[in-house]
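What follows is a structure written as structure tokens; I'll ask about it next.
As written, the chains take the letters A, B, C and D, and residue 1 is the first residue of each chain.
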Amino acid sequence: MFLQQFANALVLGSVYALFALGFTLIFGVLEVITLAHGAVFMIGAFAGLAVVTKFNAGLIPAILVGMMASGILGWLIDLLAIRPLRKRKFHHLAPMIATIGCATFVISISQGVFGAEIYRFPFDFMPATSYNFWAMQLTLLQIIIVGVALALMLIIIFLLNRTKWGKAVRAVAETPRTAALLGIPVERVFQLTSFSASALGGAAGVLTGINFNAIHTFMGGPIMHRGIAVIILGGMGDIRGAVVGGLILGFAEIMSVAYLSSDFRDAISFGLLFIILLVRPAGIFGSNIERKG
Amino acid sequence: MTEFLMSFWQTYNTLFYTVLVHGMLALSIYITLACGQLSLGNAAFMGIGAYTAALFTLKLNAPFGLSLLAGGMLPAFVALIIGVPTLRLSGVYLAMATLGFGEVVRVVFLNMSITGGSVGLNGVPPKTELWHLLLVMGVLIYFFLKLKNSRFGRALEAIREDEVAAAVMGIKTTSFKVWAFVIGAFIAGVAGGLNAHFTFFLSPREYGFDFAVDILTFAILGGTGTFWGPLVGSTILTILPEMLRFLGSYRLALNGLILVLVVVYLPNGIITVKKKD
Amino acid sequence: MLRLENIIKDFGGLRVLDSLSLQVGEGLIFGLIGPNGAGKTTLFNIISGLSRPTAGRVIFNGTDITHLPPSSIAACGMGRTFQNIRIFKELSLLENVLAGMHRLFTYSPVAMLLNLPVQKREEKALREKALEILELFHLAGKAKRQAESLSYGEQRKLELARALATSPKLLLVDEPAAGMNPAETEELMGEIVQINNRGYTICLIEHDMKFVMGVCRQVAVLNFGELIALGSPQEVKCNPLVIEAYLGKEECK
Amino acid sequence: MKIFIRITVFVAFVLSLAFTAQAAEIKIGVTEALTGPVAKYGVPIKNGFVLAADEINAAGGIKGNKIVLVIEDEQAKKEEAINVFKKFIFQDKVLAIFGPTLSNSAFASDPIANKEKIVVFGTSNTAEGITDIGPYVFRNSVAEADILPIVTKVATKKLGLKKVAIIYGNDDSMTKSTYEIFLRSIKAEKLEVVDTETFAKGDIDFSAQLTKIKSLNPDAVFCGALVEEASNIILQARKLGIPNKIRFIGGNGFNSAKLIEIGGAAAEGSISGSPWFLDDPSKINQTFVKAYTKKYGMAPDQFAAQAYDALYIMAEGIKAISLSGNVEKDRTTLRDALAKVKNFKGVGGLFSFNESRDAEQKGRVLYIKNGKFAIYAE
């Protein structure tokens, strides 16, 4: 049973990690906790669902369209709600409040359009057969989720460390002002980050939608609470932290159900978060508390 | 005319009560914001206060004043215990730690039998009268007015502006922060107790993440430069959804849009203080 | 009145201060100079409690303050300003100075709530004193203005006023003349001397040699965390080690 | 395509609001959670009411008087429910109120209706103690307390159950009450409970709980969950290798076409109990299902069916009184008439109010057979 629970935790943790990747990227570069990321995630799932039901698209196009839709939404949110606040001196929480407004707006409109009920991807979309590894039973989709999460994380780390754009993003994340002096187009970096981070959220949305069969307008809520926990756990704005934090939260939830009690699962995971913060205030990979927040 | 006013009051008195309670909650987060601390634990403190006050009334048949006092004291006490370690954190880290604390509180409510678990407590007698709310709000406004131009208020502002510089001025930053946290918890708890006694019912789900963020939104939208800001913010955000009812299912969309517009055009809040020559 | 005993400070393997011992006598204007990175501000941070030394002791008026928190050190009578100006930007000038006077106020929260006479009396008296201090720096006319609206030089002066408001026995001043024009610097020198004449001991870090030579009675020179010279301005500026490490020949005339 | 239907429905709804506001005759307030996470229950309920009202009005109304529904959103928030109730009572001066969606909100708002002496009729409040609020509180929500013991008994006998596992949502009063009733009936049948697991509202991953359940090898799993979690639980159980012969047994939450739509083959054989079910061949039900599906582009669920019946039950009550025009007086006479409604024939079978104004209705044990609800035992 331990091995199966291990596999369960790996899959859940990967979903959390994938969601948190984009979340943490936006915080790292824009220094905004975007509480619209849950709505962005939801739109990704619906967009993926739409191409599958309308055009019979496969997994890859579904993910790509989901990413595109979420990316554009994220970019729009940045453009209309966050960007106007960048230029002026403001309360550092003002952009976060603006993203709450965006989330309310997007969710409300979506509910008007899609209704209140739940949807799922077609049954024949992914083969439901399970594979056995030792004592673990995994479906192809679960393996794909772990794989995609890992791949996207590696791609992001590679892009950030090895490409010109990645270096620009890192420079902006460090200090936007210095980056601007170095001739980096800071504004474009912000927009690019918003787009790609939201696209990651969209990918998470599509994969979650396929695996967990519960696509509805409020699907972003619960995962956003977890996403916040994950990026705190891993260190705000840290890419590795999002992945490690996601896995830790996944493992904490699964293992507390498996070996303690499902009644206290959330108390255990959030209690863990509380304690980790007290011991290591900046999270596992976090360092500079002074600058952020 | 009087008939119109009567029916208007009968219809909207609960809304007005809610405006006052939300105002208190906005003030409870304002006092921590006033010394630069972002605590999102106030929804949980409100919950602790609401349950405590309701249980004092239901189980002990305590007089209302005593229930309310207990509803303020217990959260204040909890704040004192968690405040000392927690307030070493700052900025978003403090916010998230307090959010985590709130989640733990919610799960505890859910699993205790005295709180009625997920079903909640029902049949809380309606004891809250308008004058109770006005009295508490009056006391709070008086308190914040007095605080503003006192040495304590200045110390809080100094800590908000620059904690290190404040410490070098001889201001005991940690104890001020803990006190602000405790007072905030007390206010939130009393507000919770008052709320429980005019809504007949309470359940753990009311005091979760979403409401914690709502309370923060009250304060930020209104502006945190002076305590009037959070009061204005909470009033607007409480009345707005009621006023937008005619929009049917899309009222929340407009609510969200208004929030974005206000923040984008008034990023420092609706009420801003300008010191002039 | 201030005695440093073998202060060592390491930052991640790098020794920033090395066995530094120093005394600042009462009533002096004491100058701390040296090239950038010599450890001057680190030393100030250690004295004022913002940073802990790796080893060594700080004795202030006979009390060991090495491990006290900054607020307690301030209560012992230590005031300071910062190299990178840390005034309370959104408060008025008067409020800045009054915040500096925090520990001089004694009234209780109850007195605040009930508007007791003790509060009125204290507020009134200290408000007058605050204006007096502002006047010292020619800022009293702008007392109600937001601190942020001041010019750079004025902000430095405000910070000095705020530090003075804590009524310190020793005032640590970190680069007071940085960013000031010659006229402002001139004015500031006068003000520093005036403060000193009122009985405040002053310890200052400054790069402007004219300023240091003009006001300081004793000067210590730091280089790479070590004390390389100590004495009157005249002695120090002709010290060969100082000339080599920091000042150059022109200063010694 | 579905999306366009939604938009049309929405536009139609707004228009119907605009038009109904004109011809006020018998005003009835409907407040349900129409936005927010609970809207997935609130919207079908509202749909059920609107359909029934349209039918009654198309047939000439009640003694010639048309029914006008005043519909307000309460977002499943207690303060909103209170506000809407007061608006209904003092501003709109409605004759009676339907709603709110959740028992939680009902505990906050129903005392107001009771105090102001106006009938409040809940169609989805299942918590214990709702009708204890006072004599003006009515409901036709199926009491799981009546049917679930029968479900347990039948399942135990037919499947030869000995040891069972339970999984339920512990932060929701509906699912928690399902759990408590199941637990009682499981004890009455002397079954061994090998494992009890919980989850929280909005959870999507149940693998940890199900892996644990699988390792303990129960004969069946009792499930206190609403449909979106229930269908996911069943799907994930099958993926983890819990075979179809281990049945899932649930309460009201199972009685939804969504369980089949989402659960598919995995849900086959799942057992539940209710007076109403989608594929009930009775003529009245088939007419309702057809009309509902045509109007809203999806099949009705139990919430919609109960709301649909509730308005007809209310109409029975209104038929029995003569309206005086004095709304306060009419409200009290309506209460007395409504309490006397007996043997009403609705889509959920014969319905009567018992002396505590709760539903008295015969439940049936149901299961899913070939992708349809069917009677497992009468």
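Heads up, the rule we're going with is that contacts are C-beta pairs under 8 Å (C-beta built on N, C-alpha and C of every residue); 3 or more make two chains touch, one makes a residue touch a chain.
Keep in mind the model is a prediction, meaning the values are calculated, not measured.
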Chains in simultaneous contact with subunit A and subunit C: B
Greatest separation from subunit B - chain, by CA centre: C
Two chains joined by the most C-beta pairs in contact, as defined above: A-B
Where subunit A and subunit B are represented by their mean Cα positions, the distance between them in whole Å: 30
Euclidean distance of C-alpha centroids - subunit C vs subunit D, Å: 73
Inter-chain centre distance, subunit B versus subunit D - centres from mean C-alpha coordinates, in Å: 35
Distance between chain centroids, defined by C-alpha means - subunit B, subunit C (Å): 41
Of all residues in subunit C, the ones touching two or more other chains: none
Residues within subunit B bordering two or more other chains: 111, 249, 251-252
Residues of subunit A touching at least two other chains: 108, 111-112, 221, 263, 266
Which pairs of chains touch, using the document's own definition: A-B, A-D, B-C, B-D
Contacting residues of subunit B [partner subunit D, same complex]: 7, 10-15, 18, 110-111, 117-120, 122-123, 126, 199-201, 203-206, 241-242, 245, 248-249, 251-252
List of subunit A residues in touch with subunit B within their complex: 33, 35, 80-81, 84-85, 88, 90-91, 93-95, 97-98, 100-109, 111-112, 221, 225, 228-229, 232, 236, 263-264, 266-267, 270-271, 273-274, 277-278, 281-282, 289, 292-293
Residue numbers on subunit D that touch subunit B, as the complex places them: 10, 13-14, 17, 34-36, 72-73, 78-80, 82-83, 86-87, 89-91, 103-104, 107-108, 111, 127, 129, 170-173, 176-177
Contact set on subunit D toward subunit A in their complex: 3, 6-7, 9-10, 35-37, 39-40, 42-43, 170, 197-205, 207-209, 211-212, 215, 227-229, 231-232, 235, 238-241, 258, 261-262, 264-265, 298
Interface residues, subunit C side, partner subunit B - complex: 48-50, 69-71, 74-75, 79-80, 82, 86-92, 95, 98-100, 102-103, 105, 107, 109, 112-113, 115, 119, 123, 142, 144-146, 162, 166
